[in-house]
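Below, chain A partners chain B and then partners chain C, in two separate complexes.
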Partner chain A sequence: MTNMRNILLIAAVLVALVAVPPFLGLGWQNALVNILIASLFALAFNLLSGQAGLLSFGHAAYFGMGAFATLHLMLAIEDGLSFPTPLLPLAGAAMGLLIGVVAGFFATMRSGVYFALVTLAIAELFHSLTPHLQGFFGGESGISSMRMPWQGFVFGTVLEVYYLTLFWVVLSVMALWAYTRTPFGRLTLALRDNEQRVRFLGYNAHTSKVIIFAVSAMFSGVAGGLQAISNETANYALFSSHISAQVVLQTFVGGATIFFGPVVGAVSFTLFAYLVSDLTRSWLFYQGLIFVLVMLFAPTGIGGVVQHHLRNVRRDDWLLLAGPYALAATGGVLIAGAVIYLTETVAVLFGEEYAVQIRNAEGSLPAYEMFGAWWEPFGIATWLVPVVLLAAGGAILVKSRGNILKCWEKMGREVGEGAHEPAAPGVAK
Partner chain B sequence: MEFVIISALNGVTYGLLLFMVSAGLTLIFGMMGVLNFAHASFYMLGAYIAYAVSSYFGFWTGLIVAPVIVGIVGMLVERYLLPRVHAHGHAHELLLTFGLAMIIEELIKLFFGDFPVNYQMPDNLRFAAFTVFGTDYPFYRLFIGATAITMFALLWFLLARTRIGIVVRAAERLPAMAEALGHNIPVVFMGVFGVGAALAGLAGAVAGAFYPTNPNMGLELGVIVFVVVVVGGLGSLKGSLLASLLIGLFSSYSVGLDWSLAGLFGLVGLGDWAQSIGGLMTLELSSVSATIPFALMLIVLLVRPAGLMGERN
Partner chain C sequence: MKKFAALAAVSTIALGAHAVQAEPLKIGIIESLSGAQTSSGRLYATAVQYGVDKINAAGGFNGEDVQVIEYDNAGGSTGAADKFKQAVADGVNIVIQGASSAIAGQITEDVRKHNLRNPGKEILFINVGAEAMELTGDKCQFYHFRFTTTAPMRVNAMTSAMKEAGDLGTRVYSINQNYSWGQDVQAAINAAAEKGGYEVVDEVLHDVNKIQDFAPFVARIKAANPDSVITGNWSNDLLLLMKATGDAGLDVTFGTAYLDQPGNIANAGETALGHYIANNYDNTAGDASFAEEYKAASGHYPLFVEPQTIFAVGALSQALEGVDFAGGDIDVSKIALALEDVTYETPVGPIAVRKEDHQTIRPVVVSRVVENARYPADDTSMGFEAVKVVPGEQAIYPVQDSCDMKRPG
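Take a look at the complex of A and B:
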């Protein structure tokens, strides 16, 4: 029954992904390409960090190498090599696999914090070395190429690139999903949960981990290749810690413990960046704040919270839960409002434009505009708004937290470590 | 000769600065097993707080206030944030500090803007300590080094010669036993975290006036500090002193040398062949000076993960 429903859901998403984009604007089509690439990258990363329990802080290396390999193949096609353009990501996959085997062989010799540090060091090695290598990496400016037409496909429009990306992402996600159903996929989980026991059962833990690492790097390479096709350029910034950090953030906010969790994270963060980065310059701050709040209050991520409810779907008494959940959401919204208000106020008051206004106003602090209204820096209303929001939101949250706990107890089940709480932004305050 | 002496002086002062930041990190790791990704952000926070305070109350006030505030921030993080994720394992602690590092960086951009700020040393410290080979050597570099040495004399005295030090060392070795003997171990942990953070804050306050103070300084120093603590051995103070000086000296010498692998092959008559290969062969040491520390870190992690002075784990 649930299986049937899942299949229908996935089919509906696929149909929407195929049918809707032609009616969207150029900006949205581009955003969708980025979302697809980010989703694949996060899934590939999660194979290693979520399923095998090996936290990598340097996955940008394999993403970047995939991109460079694909661009070199594109350059070769420009020079007359006959290679079908739609198969370009294979270059990224091959390069990802190759680098993944080498890097994975060394990195998986260590575990825990030391593994994380090895991956970090490898990515930094790439990042610091590539600007000085002219041949393969094109120095600081990087390399660029053009998508060549193939068999009537021109690959000139974003829409064509989108469908190419969609094809490869769906194919890769299916492969990654199939991987988790194989015995080796089960072994991956076992390595995370109890490596010692896996060894006792007669498996070679190191070889298995190298294979997992390489597969993860291979799909990261595909994602990098797709990025290269979409952007037609790549430079050493692809190896920066920023890229590695983003994928960690997306994966863990989405939820590393379930298969589609990273996709949730990748979609929401990429959308968030696309929608919010135009509105405010502080969007990276909000992003970091959301990540920390999820880590503190819902360590299994958004996906984990959703899964917690779905797993107990029959026993969930929605009528009982709806009230306290709505209350908690109200509290969360109030506190989020206060945090946004304060952040934007700081952004205005400490901004450069305001500094100029202070100079013009000769000493006194002039009123400023925010959210379509004018505020006095020392006005009572200006500071009453966030204080009231914070107090009301905090009180509501504390109250509803107790109520939700009672509801879960009433439903006759022990409450799993905080995962019952909605990951409402602002709960920490 | 001039190059050798000036580079040695610069390298030692830079190394001592690295030590100030890495000491806290390695102490915290040795005691709690938490690799604090936000540690270099404490360094940056120190520089910015010192900048903000010193522009109203003078340089010396800033130098005192910054480490105090950063230390308090560190203690709050240890007391209220880390225990919440502790149950989910070290990976989550790592991720939490990683997120905190991002938040601190973005907060600093919010308050001070995404560009370097004009944090300067006071004029009465801006003079030449001595003249070597016709160049004036800035006194402030010596001041940075002296601050670090003073700090460490104090820290060493505290750890090795006082009762507090004995408790702290006991808490590091066998926390459960020390607790059973009636010592308040959570407070010790909080104190160590706070002192470690305050040291990083002090380093930021002192160094920010000499090196550029910008929102990237945390990230830039952060990776080098990781190299230092890994090479020195996670948890070993002596090791990180050695590694700091090593990395400091190395980076100050390497920027001035144009050695390359091709040059090395040239010594045995294979120079032309190596030149023709290009790529890695012709890279000069000065241009890969940022890379070598990571290579070193990688080698240490793979060959001897306990580092130069750390105990085998």
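Take a look at the complex of A and C:
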């Protein structure tokens, strides 16, 4: 039953991904390409971090190398090599696999913090070395190429790039999903849970980990290759710790313990960047805030919360929960409103434009415009708004939290222990 | 060629959806507007807005106000590529960027490809700060205009001015960051040696913004016993180098390119006195009304990269006066052709575009840090005092052989 439902859900998402984009604007099409690439990268990363329990802080290295390899193949095609453009990500996959085997061999000799540090060091190595290697990496300005037409496809529009990306991402996600169902996929989980026992069972733990690392790096390389196709350029910034960190954030916000969790994280972060980054300069602050909140109150990530609910979907208490949930959402919106209000107020009051206005007003603090209204810096209304929002939101949240807890406890009593069993890591329902 | 014909055909269909009506001229600023490099990104954005406000005050363009849209590239070229696509989606006609050569390299390539694929819907790239030689060399293209100096222009002007002031000496030390800009400066220092009558006693290329302690480098400088040190370093690499030199009690004159970055003078303190900078402009050179006018609008005297950005928008504004689309569709190629012919008068001299590579021929101002300056920097009593204004025709260098520009039509 759950299987049937999941298949229908996935089919519906796929149909939407194929049918909707032609009707969207260029901006959205491009945002979707980014979302797909980020999703694949996060899934590849999570194979290593969520499923094998090896937290890598340097996945940008394999992503970046995949991008460079793909670009070099694109350059070769530009020079007359006959190679079908749609198969370009294979270069990224091959390069990711190759680098993954070598880097993985050394990194997986250690585990835990030391593993993380080795991966970080490898990525830094790439980041500091590549600007000096003019030949392959094109110095700090990087290399660029152009997508060449193939069999009537010009690959000039964003839409064509989107479908190419969609094809590769769906294929890779299916492969990654199939991987989790193989005996080796099970061994991956076992390595995370008890490496000692795996060794005693007669498996070579190091070799297994190198293979897992290489597979993860290979799919990261595919993601990098897709980005290279989309941007038609690559430079050493692809190896920056920022990219490694971003994929960690996305994976943990989405939920590292669930197969599709990283996708949730990648989609939310990429969408957030697309929608908010040009609206306010404080968008990175909000992004960080979201990360902290998720880690504090939903350590299994957004995906974990969703999965927890899906598991209990057949219990009939949804009407009971709907009320408190709606209330909690209202409280959340009020508090979010207050935080946004305060952040933007601070941004305005300490911003350059306002500094000019103060100077022009000779020291006194003039009124400023925000959210389409005028506010006095010392006005009562100015500071009453956030206080009221915070107080009301806080009160509502505290109250609804108690109600929600009661609801779940009631459901828990009715169905026994099952309701609070932790989500089985790495295995989707 | 067949490929591009097909490309053009598809693109035309794709763009057919656009309604035929008068659209305002849209300028997109793709800068680092969040994160570590925000401060210079904001300076570019403020300066562009100032220039566009002036255009709009004079009636705008094509019957509408010129619009400015800011895009945050988050400091990286991937972010810039992404925001460029967003700018295309928003119908931007002109892209302005300056804070990084790597990002400019990305944008100029993106612009080139976009223009190949979308004939009739061209986009113009005005580069207001990226100085990599390859932008007007290997990567030179018709739709890229550079409204700032490059390494040879700065170094030639600086060495000649320092020589005249008697501060250059005959032994010059070259220390630079190990990437294209630093390498360009080093090459320029070597190239100017004969004319400047000096010997390059040693040259060093070091890691970019990674060095915390410059003492070993200062020891090397001391051992070479130079009269002056010329460096293209910026940010911490300049500050820490100068401080380490000051701490070691070494008596050399620095010739720099980025000493006027906000915060540098306050941070360096007394150590900065007597050192030189070659830049596009200085408030003490030329007519003061420009600086006063800018201060009235923005609250501070023009600093760092602002003047060159204002001049670029000024030149654009002058070019726009020469084209008229009578409220119809904007043809960016016509604007680009008009921009090629503009000679823009700045307070320090005229700026004109060289048609062969779209580098601007422009004056370079060499100034020195002095006590009790007319325009104090960073709330200190110190500031810059112009020593010499090198006119454009003397500062310019020959077109690079690698530039192969395809003109439209």
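The criterion applied here is as follows: the second predicted complex is superposed on the first by the 410 of 429 C-alpha atoms of A that agree within 3 Å, B and C clash if a C-alpha of one lies under 4 Å from a C-alpha of the other, contacts with A are read in each partner's own complex, and residues count from 1 in each chain.
To be clear about the criterion, a contact is a pair of C-beta atoms (placed from the backbone, for glycine too) under 8 Å apart; a residue touches a chain by one contact, two chains touch by 3 or more.
The shown structure was predicted, so the numbers you read here are calculated from the model rather than taken from an experiment.
On the superposed chain A, the two partners chain B and chain C do not both fit; they clash. In the superposed model, A:359 lies in contact with chain C only, and not with chain B.
By the touch criterion defined above, A:110 lies against chain B but remains apart from chain C after alignment on the C-alpha atoms of chain A. In the superposition on chain A, contact is made by A:132 with both chain B and chain C. By the touch criterion defined above, A:118 lies against chain B but remains apart from chain C after alignment on the C-alpha atoms of chain A. In the superposition on chain A, no contact is made by A:228 with either chain B or chain C. Shared-chain residue A:347: touches chain B; no touch with chain C. Once the two complexes are overlaid on the shared chain, A:288 sits against chain B while remaining clear of chain C. Contacts of A:40 after superposition on the shared chain: neither chain B nor chain C is touched.
With both structures placed on the common chain, the touch criterion links A:140 to chain C but leaves chain B unconnected. With chain A as the common frame, the single stretch of chain B that clashes into chain C is 135-143; none of the other options in 63-71, 135-143 or 225-233 do. Shared contact residues of chain A, touching chain B in one structure and chain C in the other: 128, 132, 284, 352.
Those residues of chain B that touch chain A in the shared complex are 33, 35, 81, 84-85, 87-88, 90-92, 94-96, 98-100, 102-103, 105-107, 109-113, 219, 223, 226-227, 230, 234, 278-280, 283, 287-288, 290-291, 294-295, 297-298, 301-302, 305.
By the touch criterion given at the top, residues 53, 55, 57, 106, 109-110, 112-114, 116-118, 120-122, 124-125, 128-129, 132-133, 135-136, 241, 245, 248-249, 252, 282, 284-285, 287-289, 291-292, 295-296, 299, 343, 346-347, 350-352, 417 of chain A touch chain B in their complex.
Interface residues of chain A, counted against chain C in their complex, comprise 25-27, 30, 34, 128, 131-132, 139-142, 144, 146, 148-149, 154, 156-159, 227, 231-233, 235, 237-238, 240, 242-243, 277-278, 281, 283-284, 352, 355-356, 359-360.
Across the complex, chain C meets chain A through its residues 3, 6-7, 10-11, 14, 33-35, 38, 42, 46, 69-72, 74, 76-78, 81-82, 85-86, 88-90, 101-102, 105-106, 109-110, 113, 116-117, 132, 134, 178-180, 207-208, 210, 297-299.
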